[in-house]
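These notes open a run of structures that come right after.
After this come two complexes, each holding chain A, first together with chain B and then together with chain C.
This part shows the complex of A and B:
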């Protein structure tokens, strides 16, 4: 206990400047093993250290104190302590020991799940993500945990705030898979289908040597969201998708591929029969709700197709063509689509006629110009990033060593100034 | 063509000796095409893929790969036990 008291004194004295904190970190690393030897002795010590001012020291104590399995009752006690630390800790200090900070945050997530109260974890985990990130482009291992809590607590809006950041820097590939899959689900929950497709597409086309379960589930949702949003789906994957995905993904998603094929016929009655026949499979995957949205979307896309042929059409004709029960139902669908900006039309309730209009957008408003300008800026930033990444890759020893190993297989004419071997 | 990119393409091909003719064909393939910066992200069928070779992607992480290579699905233990919350009938 004497050595812990000394450690507390050192933490209180060395939490000022960056140099002091770096020195403190070396001391804590040496003391870490002894802290883990008697974690129960640390409970009284935590009160002597300020989580905001002495964040690094507090982190080491807290990490040792919370190691090991806990019961529900213990979790209830620990959760406010962990939440308070995460919310008020100094980001600069905890970045000296990111692994420990991640451990503490993951335990916090496990505890809130243990007591079945994911909502309690949302705000602290968002704070944790922001503190661990070096920049907003950095995907940390805490991002998926944060999104998981948002999904479980149905806090989709809060999850969206993190998803707006463009990610360029990833710690672990698994984090990217999970981030994009969970993120896709959050966007589906908010009906941001285009953004959902972007994220799910990233999972499906990410590099993988073996077929990945996350990619399989992402592909199922990708098919459904593609049908909802675009009214169509193509089974061909882009060239840059991995060969593992190209060869195997469809085999794991057959009921969904067949659903898309049936959808493409445009026949609602047949489609509904197919859905009912395979209901259990979609239900087991927890995708039945999304499949029902696909069914609803068929009416919508069939109505949209009418706007390409007709200038005016009666509600009765719309109901007959789209296989709705009555003109009233057709009116409800058309009204909703007008409200959502999916079609441009007016309804004359006197004679029950719908007039389809052209898109009034002239692309010359200030708002549109700003939108185009920001898109251009974004593309230019992306282009610069790609060039920088390309250049970095050209210096990468791993890449160069593989290139060097392949040297002897080339034709004499292909020889150039690249050295023959790159020893690693 | 930048020599590094050229070697990258040779590596992907993995066919051993490559003649000058094949190298010139490869150069033609790599000629940049104008990009449509304003195209919307369409569905998979109409997405403009990157102009790459029609071969297996370079496995830069080596033989073992990033994820475990079993006959089972990798990462099969990932958390996916969410309620089905996407049924609009609950809202309407």
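This part shows the complex of A and C:
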């Protein structure tokens, strides 16, 4: 008990400047064991330490206090304490002990899920994510947990705001997989299919040595979203996908690939029959809602195909070609598509004719200039980063050894100074 | 040199300046061929290297200028080259007569008005040539081009001299006096001179270098315009603050210039301008995308080679 009192005084004294905090951190690391030994004694101490000013000390105490299993009632009392800490802690101090902070936040998330109100956890988790990130391009371990809470509480908008950031640094590969998978699901929920496709694509083509379940699930959703958004799907993965993915993913997603082939035939009735026969499989993967959206998107893509052939078409003909029930339904579909901006057309209600128009964007407004300018700026930063990575890659000893090994066999005569094996 | 008091106005065409400059450059490069790649060693060590052009005296070239004299206006239209005989310090007379005859057939109005040479200043020996020409034209003009490049100098390095009889130390002597001149041009001449001025070296044939050269030209033109506008702006600010006394004639000129702007202002112009601007931006964007894709492609190849255990070796499997 005395040692804890000592610690408290030390924490209160040494929370001033950066050097003090580093010193404090060392002391706390040493004292960590003793803290974990008697967690219950810490509850009174927590009031003496201010989470805003003495964040590092409070963090250590909190982490030791919350270790171990908790029941629902305990969780209820703990949650406000944890939330208050996360909201008002000092980011600089936290970054001295990131793993402790991560474990505290993960426990917070578990408590929140235990009492089944994920909405309470969304806002503190977002604050936690922002405090742990060193730059806005950094993906921390907390990102996927935050997105999970958003998904469970259906607060997609908040998740979207975090998804807008471009990511360049990743802490752990598993974080990236989970982050992109959850992010994809959030975007699907918001019907932003293009961004969802981008995120799911990242999961599927991320480097992996062996296939993992997240990638398999993501691939299934990827097929479905690609059908909804583009109306087509190609089974070949790009060359930057890992070879493990290229070989194995298709084996796990057979029903979905067959779905895609049936879709491409364009016949709605057959497609619906196929969906009905495999209903349970999709239901088990919890993708049934998405599959239904695929069915309704088929009409859209068929109508879009019509715009490329015809200039004007009557509503009756549209209904016949797209296999809709009546011209009224066709009119509703076309109207919806015009509103969503997927096609450009005018409907003449007197004689029931639809005229398809060109994209009216003339690209001569000032907003377009600003838009293109900002895109060019983004691509310039991206290009710089790519060049830096390319250089880094060229120095990589693993790469050099493999390339050197291949070269040796051809250059007998000229004395090539590239060694065959690099001592690593 | 005193300034001319003869009251003649001189008009010089750009063609003459180009001719003289071209003549000088040709002679200079033929006399001192540029050092080739194999002779990179310092000149002292290599007895076969040509003398460094900078060290030797720049050669002087000579020629005749022809044109029209109407009343008090002397307009110099064209010029041709002459051979200078250093032994007799005179120009090749026979050649001059022959050339004059030929030109007379094509341009019956043109007369030999004088002669030209290159150098930094008029010299005493020039007077001999000048007097020799006096039997063709009783008061010839002497056009002098200074071939040394001086970046600080804003005007053309061309001076026109006349000869006048002055009494110096009791002896009447012919001396050179400076005359002022203006540049006169016709539209066809302006276009061709502009075209010649923008000739690129022959290996600048690729589209990239041509585009780069074109854009550099535009950039330097805009930069010059910008600096001049800034000078005017500073001046007006100073006048406003009262540091410089107000000069009303200048203010009137500035105000009339401003009233002539903008040159074009209409909805259609805005539309076309924005569309073209957008097109250029889109092309730049496309170029950057292509650049990025190519870097990305290389990076992925390297990554696959390094880290993918079972990557397919593309193409370079060894044949034993």
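As a working rule, the second predicted complex is superposed on the first by the 392 of 424 C-alpha atoms of A that agree within 3 Å, B and C clash if a C-alpha of one lies under 4 Å from a C-alpha of the other, contacts with A are read in each partner's own complex, and residues count from 1 in each chain.
Going forward, a residue touches a chain if its C-beta (ideal position, glycine included) is under 8 Å from a C-beta of that chain, and two chains touch if they have at least 3 such contacts.
Remember, it's a predicted structure, so these values are computed and weren't measured experimentally.
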item	value
First (chain B), second (chain C), both or neither touched by A:71	neither
Partner chain(s) touched by A:362 [first = chain B, second = chain C, both, neither]	second
Touched partner set for A:403, first chain B, second chain C, both or neither	both
Partner chain(s) touched by A:287 [first = chain B, second = chain C, both, neither]	first
Contacts of A:373 with chain B and chain C, given as first, second, both or neither	second
Dominant contact partner of chain A by residue count, chain C or chain B	B
Partner chain in contact with A:386 - chain B first, chain C second, else both or neither	second
Touching partner for A:230 - first (chain B), second (chain C), both, neither	first
Residues of chain A contacting chain B in one complex and chain C in the other	207, 209, 239-240, 242-243, 372, 375-376, 379, 394, 398-399, 402-403, 406, 409-410
Touching residues on chain B, where the partner in the complex is chain A	3-4, 6-8, 10-11, 16-20, 23, 37-38, 41-47, 49-50, 52, 54, 56-57, 59-61, 64-70, 73-76, 78-80, 82-89
Sites on chain C touched by chain A in the complex	271, 274-275, 277-279, 281-282, 284-285, 288-289, 291-292, 295-296, 298-300, 302-311, 313, 316, 318
Residues of chain A that touch chain B when the two form their complex	148, 151-152, 154, 173-174, 177-178, 185, 188-189, 194, 197-198, 201, 207-214, 216-217, 226, 230, 232-240, 242-243, 252, 283, 286-290, 292-293, 296, 372, 375-376, 379, 394, 398-399, 402-403, 406, 409-411, 413-414, 416-418
Partner chain C, residues of chain A touching it in the complex	207, 209, 239-240, 242-243, 362-366, 368-369, 372-373, 375-376, 379-380, 382-383, 386-387, 389-390, 393-394, 396, 398-399, 402-403, 406, 409-410
